[in-house]
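Have a look at this one before I ask anything.
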Amino acid sequence: MLEQREATGAEEFYAGLEGHGLQGLWRVQTVSPEPQTAAQPHVWRGAMLRDQLMRACDVMTMERGAERRVLLLVNPGLRAITAATHTLTAAVQMIKPGEIAPTHRHTPTAIRFIIEGRGAYTTVEGEKLIMDEGDLILTPSWTWHDHGNETDRPIMWMDGLDRPLVSMLNASFFEPYADERQAVTLPIDCSQRRYAGGHVRPTWERGAPTFSPQHAYRFADVYATLSHLADLGEASPYDEVAVEYVNPLTGGHALPTLGCELQLLRPGRRTRAHRHTSSAVYQVFRGRGYSVIDGRRYDWEQGDLFALPTWAWHEHANASTSDEAILFSINDVPPMEALALHREQAYTANDGYQSYK
Amino acid sequence: MLEQREATGAEEFYAGLEGHGLQGLWRVQTVSPEPQTAAQPHVWRGAMLRDQLMRACDVMTMERGAERRVLLLVNPGLRAITAATHTLTAAVQMIKPGEIAPTHRHTPTAIRFIIEGRGAYTTVEGEKLIMDEGDLILTPSWTWHDHGNETDRPIMWMDGLDRPLVSMLNASFFEPYADERQAVTLPIDCSQRRYAGGHVRPTWERGAPTFSPQHAYRFADVYATLSHLADLGEASPYDEVAVEYVNPLTGGHALPTLGCELQLLRPGRRTRAHRHTSSAVYQVFRGRGYSVIDGRRYDWEQGDLFALPTWAWHEHANASTSDEAILFSINDVPPMEALALHREQAYTANDGYQSYK
Amino acid sequence: MLEQREATGAEEFYAGLEGHGLQGLWRVQTVSPEPQTAAQPHVWRGAMLRDQLMRACDVMTMERGAERRVLLLVNPGLRAITAATHTLTAAVQMIKPGEIAPTHRHTPTAIRFIIEGRGAYTTVEGEKLIMDEGDLILTPSWTWHDHGNETDRPIMWMDGLDRPLVSMLNASFFEPYADERQAVTLPIDCSQRRYAGGHVRPTWERGAPTFSPQHAYRFADVYATLSHLADLGEASPYDEVAVEYVNPLTGGHALPTLGCELQLLRPGRRTRAHRHTSSAVYQVFRGRGYSVIDGRRYDWEQGDLFALPTWAWHEHANASTSDEAILFSINDVPPMEALALHREQAYTANDGYQSYK
Amino acid sequence: MLEQREATGAEEFYAGLEGHGLQGLWRVQTVSPEPQTAAQPHVWRGAMLRDQLMRACDVMTMERGAERRVLLLVNPGLRAITAATHTLTAAVQMIKPGEIAPTHRHTPTAIRFIIEGRGAYTTVEGEKLIMDEGDLILTPSWTWHDHGNETDRPIMWMDGLDRPLVSMLNASFFEPYADERQAVTLPIDCSQRRYAGGHVRPTWERGAPTFSPQHAYRFADVYATLSHLADLGEASPYDEVAVEYVNPLTGGHALPTLGCELQLLRPGRRTRAHRHTSSAVYQVFRGRGYSVIDGRRYDWEQGDLFALPTWAWHEHANASTSDEAILFSINDVPPMEALALHREQAYTANDGYQSYK
C-alpha cells in the first residue's frame, strides 16, 4: 500500500507542496489508459427543435436584441460549456422573413447546413450566398458574415462550430461590424462559380490556402457524387457511402478545425462498428434509421440531430429497405489528424456488429 | 586575342585532349547569356490539317497497319526530332467510324483536346471516356489507352505529348497491349463523375496523386468558369481570362510534365507582351485573331494551331469586337517550375505592346 | 434592457429549454473579444525546486512505488488540471543513483531538458540516450521510454508535456511495459549520430515523419549555432537570439504538439514586448534577468522556471552586462499554427517597452 | 507489309507532308520500348586527369583569359554536347596559388567536390567557403560565385553541373559580374555554421527553400554518418552504405536538378546489380575496386572518375578486403523524381550479380 512506501514526514511534505505551486505526479492520475470524455451520446428530435425555434421566434424578437436566434444543443454531460461534444458546438437557427442577423466575425469557424427553406442568404466577406436545403455554407475563421431572409418564409439551418476547441485553446477573438449588413462587393455565389466549374484554376491564382476559398457547396452536386459512388458499389464498411467536403485548391480538409461529411446509407444497410478519437454531430437530412453507440440503440429520423462522443463504438443503420437515408455531420477529424492524435479501431467481435439494448 | 594567351605547346595539348575524353571548357561555349532555342514560331492552318487528315484516311487505312492516324506538327526548326517545341509534341488525329486505335501505354504523357466531332471514345485504364468538342482527355504516363469511333462520323482531335521531354531525358518506355481493346471495367466517365461533383472526396480515399485521377474535363464546365471570370472582369494582363486544368486531389497541375490551359480573349482585347522559359502550342478553338511573337504578327482563326518557342516575346489579340476567341494550349510550365527553371519577364517598352510587321 | 425585448411567456420558455437539452445562444456568452485564460504568470524558484526534490527523494522512495519522482509545476490559476499553462505540463524530476523510472508509453508527448547532472539515461524505443546538462531528449507520442541513473550522483531535469492539450482533446492513451526496462536494441545515441552528422540522409530512407526521428539534441551543438547567430548580430526583436529544435527530415517542428526553443539573451539586452496566442514555460538555464509580463516584472535566475500565459504582453531582459543568459522553453506554437489559430501582436507604445511595477 | 496497306497516291501524299510542316506518326519511331541513351560507360583515369590539368596550367594562363581552367569529361557517345551523361556535366578544375576564377552566375547549378588540396575558397553570394579534401560546395542556380587560391599549393576539384539538362530545356542564362571578385559580406563558412549545428533553426526564419541554404558540407561530418551506418550494418543492397546530401530546411534533395551522394563500400563488399532511369558520374575519393556495367567490368582506383549511363545494369565492388572504398557521385535523380519519371529495376538473375568480361 502507498502509505507503507512513504517515509516519516511525508504528510508534512505533501502539505507543503501546494504552497510552493507544486504537486507530486504520483499523487494525481494524469493520463488515462483510454480516452475519457464527459460527452454522452444524445439525440435531439427534429420536431422538438422546430417547435422550440418557432417559440423562440415569439420570445426573441431580435429588435435591438440578441444577434442570432440560435438554440445551442447542450450535451447532458457538457452543460458547463454548453457544447454538443468536447470540441464541437451544434445548434439550430431560424430567421424569419425580413430579419437580419447582423455582421460580425470571430476566430471560431462556423458552417451552416440548411435543414428547411430556401432563398435566404449568408454573406461572407462581401459574397452573398443563397441558401437552399442540403447546401453547406462556410464561414471560415475571422471572416465577416451576416445572414438575412428576404423571402416570405422562415428558414432553418444547423450551425456547426469549433467554438469549444478554440475556447479551450484560449484563442477566441470576436469583433462586431460597424453596420448591421456588410456591403455585397462580389457577385452572388461568386466563389462557388469560381471553383465548382470543372477543376480549373485561374492562371494568376497561386498557393494553397488553409481555408477553402469556396464558400458554398450545393446539395445537388454532392448528392450526385454520392449516387455515383453508390452505383459503383463503393463504400466504407464503417461509414457507408460517405464523402468529405474539400478545399478545391488543396484537395484537403475544407477547414483546418472542422470536418464536414455527407453520407448516404443505402436501403437496408447497416455499417460495421468502429471507434475513433474524433467526435461528431449528425443531422438526419433524409430518411430514418438508428445508430448503435456503445451498445445502446438510438433511433433517428429526418430532422433529428445526434451527438457521437469520442472513442465510442458506433454503427449506423438505415431502417428502410426502400429509401435512402442521408446524414450530414461535422467532426474534429482535421484537428486530431493535424496533431497526430487521430486513432481508429475496428470492432472485431460478432462480425463487427454490436449487441444492443 | 586567344592565341596570345596560349603558351608554346598549346596546339599539341589541345590536339591530345580529345583522345583522353576531355575538352577545355574555355574552348567551347557552354552557357548562353539567354535561352536559345531551335524552335520557331509557326502556324499550321486548320483547313490544311483537316484536308491532310482526310487524305491520310485514304492513304493510311489502319488494317493491320500503323497504330494511329496521327499527323505530327513539325516545327521548321525541329525537323530532327519531329516536335512542335523542344519539349512538346503536338499533332492532329482522325478516327473514322468503326476504326480502333489499339491499346498501348508509354511513359510520355498525352492529352487529347477534341476539335471536331463527338461520341467517339478513349478508354484509360478500364474507364471509357466519351469525347465531345472542347473536352480535354488525359492519358497520364504509363496508363493503358485506346481510342475508337462507334459513331457514323469521323472525329478529329489534337494530341499533346511531353514526348520530346521524356525522350531527351532518356526515359521512354513503351508497351503494346495483348489485345486491340482493353476491357472496360468501370462505368463510362467514371472519374469525371467521381471528382467533378462539387469538391468532395470519398472518406476512404487518401493521398495526393502526382497525376490527376480525373481523366476528362468537359468544355461546358470549364467554359462556365471562364465566363464567370470574364463577368467578374478578372483577367491576366498577359493571358486574358485563362485557367489551368488542375488535379482535383491537390489543386496543382493536372500532370507533372504537361500543362493544359484554356483561355478566353474577350472581344476586342489585346494582351500585353511577356516572355517566359516555357514553350507552348495553341489550338484556336473558337474565333479569330492574331499573336505577335518576337515582333512579327501571326494571324489565326478557328482550327489553326501555332507554336510558341521558349523566351519569345508574345501577345495575343482577338480580332473581333463582338465574338470571343478561345484558345486551348499545352505547355511545359509544370516541369520548368518543378526544376526551379521557370522565369517570366514583362515587356515594358511601348506600354507593353510590341511593334510588329 | 433585455426584459423589454422579450415577449410574454419568455420565462417559461427559457425554463423549458434545459429539459430539451437546449440553451439560447443569446443567454450565454460564448466568444470573448480577446483570448481569456485562467493561467497566470508565475515563477518557480530553482532553489526551492531542488530542495523539494531532495525532500521527495526521502519521502518517495520508488520501491515498488510511484513510477516517477516528478513534481508538477501547478499554475495558481490552473489547480484543477495541475498544469503550468492551459496546454502545457512542466515539472522537475530527479533520479538518484541506482534508481529506475520504469518503461511505459502514452499519447502525450514529452521532452526532457537536463538541468543538473550527467550520465544518466533515457531509453526511447530501444535507443539508450545519455543525458547531459543542457541536452534536450524527446519521447514522442506513444514511444516506449524509461529512465535510469547508473552514475553515483543524482540527476535532475525538466519534464515538458502536452498532457493538458491531449487531455482536453480526450485523446489520452497509456500503457505500462511488461518489464521495468525495455531492451536496448540500438547503439547508444544512435539517432543523434544518424542525423546530426552534416545534413545527409541514408539513400534508402524516405518520407517525412511527423515526429523527429532524432531523439537527442546536444547542448554544445545548439549553443554553437546560437553563438554564431549572436556573432552575426542576427536576432529577433522579441526573442533575441533564439532557435527552435527541428525535425531533421522535414526542417519543421520537432514535435507536432510541443515546440522547443533555446534562446540567448546577450549581455545587457532587453527585448521589445509582444503577445501571441501561444503559451510557454521557460527554464533559466544560465544567467539572471527578468521578464515583464502584462506590466509586472518577474525576476529570475539560473534554475528558475516561469510560466507565460497566452496573449500576455511580455519582454525579456538580461540583467547582466557581462554574461549571457540562456533560456530553454516549451510552447504550444506547433498546434496553434497547425490549427490556423496562431496570432502575434507587437507592443507599439513606448518604443515597444512596457512600463512595469 | 507496309506498302500493301497504302493506297494509291500514298507516295505523293507523304512527299507533300513536309511542305505542310507535318509528318505521319506511323512513319517515324518515336517512343522506344526501353530507354535509349547515346552515353557510354567510361572511365577517366585520375593520373591522366591530374597530368592534363598540370599541362593546362602551362597552356592556359588565365591572364585576361578564359574564366576557368576546367577540363570537361567528354563521354565518347556525347561529343556533340561535351557532356558526361545526357544530363550531367563533369569536369576537373585546377587553380594555382594566386589565381582567381572570376565572378559570374548562371542558371545551371554547380557543385564542387574537392579532390586534392586545401585552403582555397569559393565565394557564393558573399559567403566565402574554405575548401578541403572531400568537402562538397554548392553553387545553386543563379548565385554569384568565384574561386580563388590564396595558399601556396594548387587545388584540384571535380565540378558537377546540370548544364546539359538546363541546356536541353532551353533555360540557360549567364551573367558576368562587374568585378573579378564579389565582396565578401558574410563571415567565412557562415551557412554551414548556421545549419550544421544540431538541427535547429532561427525562430525568425520561415519556409522551405528549393535550394539548400547550406553551401558547404564537410567530409568529416558526412564520413561520421557513413561510419555510424556501417557500424550499424545498415546498407542498401545496390548502393552499400550511401547517403544523400540534403537541404537542412526540408530534409529533401539539396538541389532540385542535381543529386549528390557519398557512398562507402566496406572492405570486400560487392553490391547487387540494378538499373534506373537516372544517370550518374562517380569520383573515386578513396580506395580501389571495380564496377560491372551492362556486363563489362571497369576497374577504378583513387582519383578516377567514371560515367554511368541511364538504364544500365550496374554493381560496385571494393577490391580490397582491408580498406574502405569511398565514392562521391552526382546524378539526375531529383529531376527524374520531380517529373515522375524515375524507375528502378533489380537484377534478379544469378542472385543479383552480373556475369562480366
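Going in written order, the chains are labelled A, B, C and D, and every chain counts its residues from 1.
Note that a residue touches a chain if its C-beta (ideal position, glycine included) is under 8 Å from a C-beta of that chain, and two chains touch if they have at least 3 such contacts.
These numbers were taken from a predicted model, which means no experiment stands behind them.
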- Message: Looking only at residue numbers at the subunit A/subunit B interface, is the share used by both copies over half or under half? Answer same or different.
- Response: same
- Message: Quick check for the class: compute each chain's Cα centroid; which one is farthest from the centroid of subunit A?
- Response: D
- Item | Whole-Å separation of chain centres (CA-atom averages), subunit B against subunit C | 53
- Task: Could you give the separation in Å between the centres of subunit A and subunit B, each centre being the mean of its C-alpha atoms?
- Result: 44
- Message: How many angstrom lie between the centres of subunit B and subunit D, each centre taken as the mean Cα position?
- Response: 31
- subunit B: which residues touch two or more other chains? none
- Looking at which chains touch, is this a line, ring, star, complete or other? ring
- Touching chain combinations (by label order): A-B, A-C, B-D, C-D
- Item | For the subunit C and subunit D complex, residues of the former touching the latter | 186-187, 190, 193-204, 208, 212, 214, 217-218, 221-222, 224-225, 228-229, 231-232, 234, 236, 239, 242-251, 254, 261-263
- Parts of subunit D lying in touch with subunit B, wherever the complex brings them together: 2, 5-7, 9-10, 13-14, 16-18, 20-26, 28, 30-37, 39, 42, 44, 48-49, 52, 55-56, 58-61, 63-76, 82, 86-87, 89, 91, 106-108, 141, 163, 165-175, 210-211, 256-257, 277, 279, 309-311, 332, 335-336, 338-341, 343
